[in-house]
Amino acid sequence: MTLDADWAERWIRRTADAVVDRRDELTELDREIGDGDHGENLVRGFRAVVAKLDARRAEAEEPGASPRLVGDVLKLTATTLMSTVGGASGPLYGTAFLRAAKVTGHPEIDTRTIVAMLESALDGITARGKAEPGEKTMVDAWTPAVDAAERAAGEGDEADALRAAAAAADAGSTATIPLVATKGRASYLGERSAGHEDPGARSTALLLAAAVEALGEENA
Amino acid sequence: MTLDADWAERWIRRTADAVVDRRDELTELDREIGDGDHGENLVRGFRAVVAKLDARRAEAEEPGASPRLVGDVLKLTATTLMSTVGGASGPLYGTAFLRAAKVTGHPEIDTRTIVAMLESALDGITARGKAEPGEKTMVDAWTPAVDAAERAAGEGDEADALRAAAAAADAGSTATIPLVATKGRASYLGERSAGHEDPGARSTALLLAAAVEALGEENA
Amino acid sequence: MKKLLNDPENAVADSLAGFALAHADLVQVHHDPTYVTRVGGATTGKVGLVSGGGSGHEPLHCGFVGDGMLDAAVPGAVFTSPTPDGIVPALHAADGGAGVLAIVKNYTGDVLNFDLAVEIAEAEGARISTVVVNDDVAVENSTHTAGRRGVAGTLCVEKIAGAAAMQGRGLEDVTRIARRVVENVRSMGVAVTACTVPHVGKPSFDLPPDELEIGIGIHGEPGRRRVPVAPADEVAQMLLDPVADDLELSRGERVLLFVNGMGGTPSSELYVVYGRARRLLEQRGVTVARSLVGSYVTSLEMQGASVTALRLDDELEALWDAPVHTAALRW
Amino acid sequence: MKKLLNDPENAVADSLAGFALAHADLVQVHHDPTYVTRVGGATTGKVGLVSGGGSGHEPLHCGFVGDGMLDAAVPGAVFTSPTPDGIVPALHAADGGAGVLAIVKNYTGDVLNFDLAVEIAEAEGARISTVVVNDDVAVENSTHTAGRRGVAGTLCVEKIAGAAAMQGRGLEDVTRIARRVVENVRSMGVAVTACTVPHVGKPSFDLPPDELEIGIGIHGEPGRRRVPVAPADEVAQMLLDPVADDLELSRGERVLLFVNGMGGTPSSELYVVYGRARRLLEQRGVTVARSLVGSYVTSLEMQGASVTALRLDDELEALWDAPVHTAALRW
């Protein structure tokens, strides 16, 4: 198995499918402690990314197209999310993918790079959003994901790292339920934010699960 | 029995009680084919009349007060209704009482005067409102009331005339139910106004019933 | 019933008290009887303008008292026409010696109470002419009705007649212009939800969640027909077509297009209706030369809108453009 | 959900299309990406003012584009902050060579998207300063929250900074004045009913018929606590007291009192709240020197209101009084 631009593209397309499938769930989570647009925001954003990927694929089939890099796919995703998602999650996911793109500018990437990619994504999110773990944000899914990927990379390959990250993000998202939010819109609710899962943490879990699913396919 | 200023005052006070008691019914009738304020309008108006009658009674107990006339009571009622009821019914009832006052400027009034009083009231209403019988307005209660009073006066006394008028107004009001309104707010509903009793016709029936009840008492 | 009110019986008085404080530079509120006058009173030599009617249509009429519009307004109880005891002093207060124009919406109650008041004020020496506004095409103007109602078009009459009076024109001329506005303005409204009169406490009519009421007035009264919920473009057409047809607007003419909110509709929705109504007029070859979009002639918190068109000519257009400075309309 | 809209997905675009037609003398609406500019573009030598945020708060911000207020506004999807691709061209369009002030409401989404956009526009050569408005005292400004939200006080910042820019003041000075408004303005809101985001189709929160939600924001988000339905005088006090306390208003000071409707509340109710809030200020010995009552910073069709107080001094008062000519605010 190689983690190449095709994988990256499958990852993004699967994420788009996932947010469409789970739009209502994300919206409902955000309705409970935010403003109910998270599902809508991500659907709008990832649909736009898919449209761009389609367009780029059409071009790439022309003779003489330059070889495609994981970083190219992630950079396209980043800029498209930034300009179409809006809300808090747009700049956060946008910055995450932008930073991730910077460390994945190769045709194929290894286990070490995958871990660096996840670390960079998290760094981008915290650089922009200034949230720390425990504030009931997507950081609470990304942080355990990065930790788990680092640990798994010591003993396994890229796939193991991604699988560990996805599982940890899922658990991390669930673990936001009892937290009281101190960042983002949910913080306005104070204690009333406890008892609800953070929508951005849940969408992070979907995103990383899609990265794993994308491993299993050879063509999108 | 004499129809004097005390009777007139009892009549008006009983009308006030009646519109308070039946406020919700009048309001509901008006809600169905008008704007739902007829009960409120009349309660506001007749309460104001009663307050003025109370004030005048206090004055009248002073020595040297001039003898009270039926017409005085009706004129006070007229001007007070005009300045407090509002809506269509205010000027209509106001004008009715003003015209009625003009023909009742005596301490005691006879059968002939009672009939003239009712005729004048109806004339006032039609002069102002330009409605004809059958247009689903208070005219449809007043017109049969005047006719019945005229007939009864041929064979009986004031009390007979009033009783006949009240009974005819009640029947006339009920008979507005199938009519399609062509005057007042209800006319905006067109055919949809059929099947509902006209609120002003009903309040006319209450008013004339109160005139009859007032016969039975010696003191208010 | 949930409203930001104290005792529902005092809703009008409480609201006027706040209105008086907020706009002390423009208006003075008189109590017992209730009427509102321009600060400074009548302008000597200027025709005075007075309007009035039931409350619940704010900012109509009190919000239009000021320079270039009304000199006095008489608010009645909610949806109930005011009584002559308030109208008479308002007519006198507006009288600067050049006569007074009374602008009355065509409802039996308003017409009768103003008639009475005018009779009294004239007996007391005032010179008054009356214009009855009847722009609502939802009601047929026939012997089968009390005639078309006065709705949002009233704003146009008050604004344009007010500007004519400011120019120093005489009572006959101001009256003529007001009549010309009445002849050339038509409206039609839709309710999305009903409204609740404070002292009644329940909605004026019952409107199922999947229906709209077409042809409503501004007194929480039901309209002429119900239609299934439809896109704004279709609703705008149900309102604009009868207006344009009744006015017999023809290619090359120009209009003021006024989309009015009923009180509870956000302006974002009014602009959707406006956009469609305008395109429909343009399809008829009619130019929209002036526009007004906002909640000016309302029915408490009712959600809904009305579409008003006023046929313009140079005179009416210039009078519409003339400066106005009131609590609710200013340019 | 009953609204005067077409496809809910196109609610913002449809509304802007109507807005552009109705106010073609004042604004120009750009599409893909969406932003609104003053007709005629940037004024050479004048500091440009840009604001923006989610739609659904109309007339904020697009209704405030014009002379004496904003040079450009960027509307996002309903209740969703706009994206940098719209903000960047708006920043450039407002740039008359004297720099641009970005006025941002304190929501994570708005702040992050404006941050990104400012980074990009600066990299492209623009000189930009940013002021973040955070007037909502319902949210504690502590490490336990994302900080106080920006609500109705935003209008005050846009109006006053806009007037300062019109006077030809430099970017530093305009920014300083905007900051001074932010430091001296506080707001608090109440919801009587919730609102429904068009593409969501159901109310943003569930509010029982006998309860009010105190401390709501303007995004259909629930507030901090629920109270039983209470008379307007009590509600006004629940809003005014925290505002006045937080501002530490003291005897002899003077304020602008701004009672804002949330979109579905009739102005008659707003005046009731205004009257009470004003009396409460006067009881504190505070003078209400300026007033504004109306629905300017809304949450779609939500019924409710907010109370805003701005501490005034001669400079701010004069800037507030300076002429303004926009679709929604004009004097």
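Letters A, B, C and D mark the chains in the order given here, with residues in each chain numbered from 1 onward.
Going forward, contacts are C-beta pairs under 8 Å (C-beta built on N, C-alpha and C of every residue); 3 or more make two chains touch, one makes a residue touch a chain.
For each chain, UniProt lists the protein as follows: A, B = Dihydroxyacetone kinase subunit L; C, D = Dihydroxyacetone kinase subunit DhaK.
Fair warning: this is a prediction, and the values are worked out from it, not measured in the lab.
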{"item": "Steps needed, at minimum, to go from subunit A to subunit B via contacts", "value": "3"}
{"item": "Graph separation of subunit A and subunit C (steps between touching chains)", "value": "2"}
{"item": "Centre-of-Cα separation between subunit D and subunit C, whole angstrom", "value": "29"}
{"item": "Inter-centroid spacing, subunit C versus subunit B (mean Cα positions, whole Å)", "value": "33"}
{"item": "Centroid spacing, where centroids are CA-atom means, of subunit B and subunit D in whole angstrom", "value": "55"}
{"item": "Touching two or more other chains - residue numbers and ranges from subunit D", "value": "none"}
{"item": "Junction residues of subunit A - those touching two or more other chains", "value": "none"}
{"item": "Touch-based graph of the chains, sorted into line, ring, star, complete or other", "value": "line"}
{"item": "Which pairs of chains touch, using the document's own definition", "value": "A-D, B-C, C-D"}
{"item": "Parts of subunit C lying in touch with subunit D, wherever the complex brings them together", "value": "2-7, 11-12, 14-19, 21-23, 55-56, 58-59, 63, 190, 192-193, 209, 212, 229, 231-233, 235, 263-276, 278, 288, 291, 293, 295, 298, 300-301, 303-305, 328, 330-331"}
{"item": "Subunit D partner contacts - residues on subunit A that touch it in the complex", "value": "27, 31, 34-37, 40-41, 44, 82-92, 94-95, 128-129, 180, 182-185, 187-190, 192"}
{"item": "Subunit B-facing residues of subunit C, complex", "value": "33, 54, 76-85, 107-109, 112-113, 115-116, 138-140, 143-146, 149, 197, 199-200, 204-205, 217, 219-222, 224"}
